[in-house]
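Below is one structure, written out as structure tokens; the observations come after it.
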Amino acid sequence: MLHFENDYNKGVHPALLQVLVETNQEGVSGYGTDPYTQSAIEKIRRAIKCHHAQITFLSGGTQTNQIAINSMLASYEGVIAADTGHISTHEAGAIEFSGHKVLTIPHQHGKIFAADIEQLLADFYADANHEHMVHPGMVYLSHPTEYGTLYSKAELTAIEQVCRHYQIPLFLDGARLGYGLASPESDLDLQAIAELTDVFYIGGTKMGALMGEALVFTKNNQPKYFTSIVKQHGALLAKGRLNGVQFDRLFTDDLYLELGRHAITMAEQLKEILQEKGYRFYLKSPTNQQFVIVKNEELTRLTEAGIAYGFWEKYDDSHSIIRFATSWSTSQADIDELRNRL
Amino acid sequence: MLHFENDYNKGVHPALLQVLVETNQEGVSGYGTDPYTQSAIEKIRRAIKCHHAQITFLSGGTQTNQIAINSMLASYEGVIAADTGHISTHEAGAIEFSGHKVLTIPHQHGKIFAADIEQLLADFYADANHEHMVHPGMVYLSHPTEYGTLYSKAELTAIEQVCRHYQIPLFLDGARLGYGLASPESDLDLQAIAELTDVFYIGGTKMGALMGEALVFTKNNQPKYFTSIVKQHGALLAKGRLNGVQFDRLFTDDLYLELGRHAITMAEQLKEILQEKGYRFYLKSPTNQQFVIVKNEELTRLTEAGIAYGFWEKYDDSHSIIRFATSWSTSQADIDELRNRL
Amino acid sequence: MLHFENDYNKGVHPALLQVLVETNQEGVSGYGTDPYTQSAIEKIRRAIKCHHAQITFLSGGTQTNQIAINSMLASYEGVIAADTGHISTHEAGAIEFSGHKVLTIPHQHGKIFAADIEQLLADFYADANHEHMVHPGMVYLSHPTEYGTLYSKAELTAIEQVCRHYQIPLFLDGARLGYGLASPESDLDLQAIAELTDVFYIGGTKMGALMGEALVFTKNNQPKYFTSIVKQHGALLAKGRLNGVQFDRLFTDDLYLELGRHAITMAEQLKEILQEKGYRFYLKSPTNQQFVIVKNEELTRLTEAGIAYGFWEKYDDSHSIIRFATSWSTSQADIDELRNRL
Amino acid sequence: MLHFENDYNKGVHPALLQVLVETNQEGVSGYGTDPYTQSAIEKIRRAIKCHHAQITFLSGGTQTNQIAINSMLASYEGVIAADTGHISTHEAGAIEFSGHKVLTIPHQHGKIFAADIEQLLADFYADANHEHMVHPGMVYLSHPTEYGTLYSKAELTAIEQVCRHYQIPLFLDGARLGYGLASPESDLDLQAIAELTDVFYIGGTKMGALMGEALVFTKNNQPKYFTSIVKQHGALLAKGRLNGVQFDRLFTDDLYLELGRHAITMAEQLKEILQEKGYRFYLKSPTNQQFVIVKNEELTRLTEAGIAYGFWEKYDDSHSIIRFATSWSTSQADIDELRNRL
């Protein structure tokens, strides 16, 4: 089977596996106090050029979103997000479960815009009854978005300015951040993201780690006693080394960005192939996820051809939107074989 | 000042005040175990023709909505509601605070329809990823709605059938139920409401009580140990008699319905006056709340004329939507004077 | 039946009833923005000699405890309380329901002491694992306690100093505060309580109101957007006037303290009678609640004599602890008749 | 440094590492739907002789406790546990954070007993006010306990019978289950534990896995839509294979029990050494954790000798209780060297 269904179907990148093996027999302290975790934190601080960043390693995206949002909001606050945002749709209500409303605004190709955010905030404060309403207390966006699209530096800066004006934090979900940074269309780097956001995370699970996300507070704004908060959410790993060792390696020799570039190179070829073969794109994505509209019959054909794809959503009664994703683990051979089989 | 701003600006109906005075010196047991509460429960059971109904008196609408929804939903379930529903907009996130998402669908004049509810449920179960989503676990609607509109028996029956099919409860918020029942356009009575819903509440606060809502479970479906649940929400009054005495009187000699009819009679005159004076209606409401679109200058004029109205929302840059409400306490003199001053 | 079972079996004090009747037909604004509520706040500020106090009226003790505690604690914090404290035992887990642990320490006759509180705090900070533990974030005590006992000014000051040292707020539950203030053994007045605590509440439900508690933040420390917090808990009454009017009267002409003194005068006589009749006191209470140990056979005899008492707890297999309570509503005739019947 | 401070200071057992390496390049489906997870479930079912067991892999002990307890309790229920239980002390209030009180009873060497549990339950139901109290809805115990002690089959059966009688589930926290099963003093095997409990977990993190706990529902009693519940807690790993592959190997060729036996063999030698060297045991532990009381000066000496121990708690002003733990990773060489250095 050719695996293009998502970016988390393989195990761990060989370089990370190697350091896991090499460090396996060392006895280290638990709960993220080990030297690998400390080293990973330092390397990320340097990579994002934010030396006071406060960094915690967590296990997955929903957990990271829940902890970041829940720990930063007051009880009466909600989080502004795209109606297609991951927290709005595919986290089984993890944000509401922790007490907060997701205040949705319409998306364009998965993105939200400063003007719409500002309108929501202005309307809230203009409403005579706003004390009876959920207060907008944070902005959440994903970069790349759920549709693989990217914010430009200008767009992100505009959103940041609205947040500054209303004094609410900007949170960037970077589950696939590396694939965004490596895109030729991106004008944002890690430093810019650290500067423009109040908190963001650098995804590991979809970028070659067994699991792990690095949650970064950039403005000396990590909630007090954050370890207790993480523990209380059931998210503090006894063997914190597992995340520490992997992120330490991801941020050695620019591996994180290199993995991103590799996946994007593969995605460029994937796009060419899809175009050659006459597939109709659902939207133009500059990152590792490509969405095409196919006839429903095509779904069976792909499976029979041994091509794993991701089903995204129904397009109309006879068509579906499907996803092809490349990743750190996609090889040139995979791509070549895909060309043969499509 | 002429009070047309809402239906809760006066104290308590004289008949209720009288029984509060008469019973004041009696020593009774606490926490809703007093004889007045028991008598009120029996009278409501007879009025709704549901002898096994399980009834609890609570203090206000948001509290009642929160307890009903939170006690009936599983942790992973959300409640379907109109995007204009009270729980969606004006309860400061009380539903999310208790852990549940409000799954909104578009309204028409405050109402939601069986077809849209069914579509949401069908889409949910058809989605391959639905275990990663909030499960739709209940339908909430208000009757009359936030815009004063009413469901017909056919519309409510259609919604009930969708709920039956998907085995989720139907909850009717009756904060202004008496004003709905008394409308000439209503073809629903208390019995029909008890039969068609799984749980509903009979509003007292806006229907002549000092406060109080009667939450009614109609299908032997009151969550176990409901007193503990109410206590845990901080909603169990030591002097439960306060609600018991008032509802006992409201359901004596059909007072509840009589108060509804009075307000509707007043509202019919109000509508005539508004029409005579050339006001433009925002929508056609068959109950005690009337919404009109006025120039913003008119707002000042009304206030100067000693007429209290409810500001509803901005219509456009130069116009506002405002509400005039009658209630159990609106007198013919109030109406006549309004005609003079408008 | 002679009602000595508790202090909330009658309705409302006649003076409060009178103002409720007098103001009943006035149209006022809702949600606590009415002039009676504002007047009540001003009168309480004067009574407690704390002109910047932030005051909110709520409906009952559990609701008030839950909102005060939940709104002041961080998610990882718990509240220190006596193991017999109301929040520890008889609120159906309302504190835990809102996410916080009650950190219990042993009581003496319902009271807790500075030394034990300090020990708990010192142990917590000394524990190498304290980030894995619930942080003690507040001290809760009731005055009078659940056993009717009182803190001396010295005792309360000692607790306040521990709280200052560890920078955690001190919260005093005053469900029966008036009965404490009026006790001849009390050396605390409202001003001292306002000075020594960070937040406290003045109970109305057990002091002659139909319901209502005045929650007072004394150090400009009311959590931001407190109205939204109250709303979110389902605790914001549309007819806030109900509490406003009652507290406005309670704090006119020193009525609140007068009601306390009356109940204490009655309690002094009650104690004499119990002593004369040879009852064995469970403990020495200087307030309106008196606890005696009786043979189980006595329980039936009391009921047959038409005396309502409060069952407190099993003492041993053949004895029970029962409570006799006086209140604002206990008359000299009640006391005289009790002497006859006992 | 000789690592005796805990049982989670090394990485992963070589056999597990090997299968992680071997399966690393396979593309598998996510979220626990992969074939390794399915295989691991089947092997555990066979090992516990419970073919209908419902098994979910989670990341750590606190997360597992929180999800098991929160998903099984009604909102008004609490969980009975030893006052020294992990959920009572060292989970940063994770249980209360999810809304539930921990109802503590006194321990003996970390254990609780049927008689005390029954007393708590009987007292609860005998209390006239029990609807105002937290309902005891579950029993939690850890096996081995936090002090390394074990329940006998008779003791666990007695607790099970109390739970049956009161119809509440029994939950066994098996973070170190393998070390308990392998103890020569144990008369409980996996089958007995599956039969006697309603839900338990088989700890991986402390038994040779990188992380992972297998939560087992044994009575067809897994809460409905458990995947959604896990997702909502932020606990659903995209690469569920990580747990699946490890548990599949742990339950191949009896490795899990073998690792337990190894640690116990090492612990037997450790006990001998401690005894020889004149250490005073705090209590008699039959498993891998040994607690001794040492003079505070000894703490420095141990560190200087390169021996890592776990600080447990202060014993008195001049003594401390410390822990020495063996594990799957303790070698004969470690033990021999410990003998030299102690």
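Order of writing sets the chain letters: A, B, C and D. Residues in each chain are counted from 1.
The rule is short, and it goes like this: a residue touches a chain if its C-beta (ideal position, glycine included) is under 8 Å from a C-beta of that chain, and two chains touch if they have at least 3 such contacts.
Remember, predicted model here, so these are calculated numbers, not experimental data.
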Would you mind checking the shortest number of contact hops between chain B and chain C?
-> 1
Which chain maximises the distance between its CA centroid and that of chain B?
-> D
Report which interface contains more C-beta contacts, comparing C-D against A-D.
-> A-D
CA centroid of chain C to CA centroid of chain D, Å | 42
Distance from the CA centroid of chain B to that of chain D, rounded to the nearest Å?
-> 50
Where the CA atoms of chain A average out and where those of chain D average out, how many Å apart are those spots?
-> 33
Among the residues of chain A, pick out those that touch two or more other chains and give their numbers.
-> 75-76, 91-93, 97, 131-133, 228-229, 231-232, 236
In their shared complex, at which residues does chain B touch chain C?
-> 1, 3, 6, 8-12, 14, 17, 20-21, 23-30, 59-67, 91-94, 97, 205-206, 210-211, 228-229, 231-239, 241-242, 308, 329
Interface with chain B, chain D side, in the complex: residues 70-71, 74-76, 131-133, 135, 223-225, 227-229, 231-232, 236
Counting only contacts in the complex, chain D reaches chain C at residues 75-76, 78, 89-93, 96-102, 126, 128-129, 131-134, 311, 314
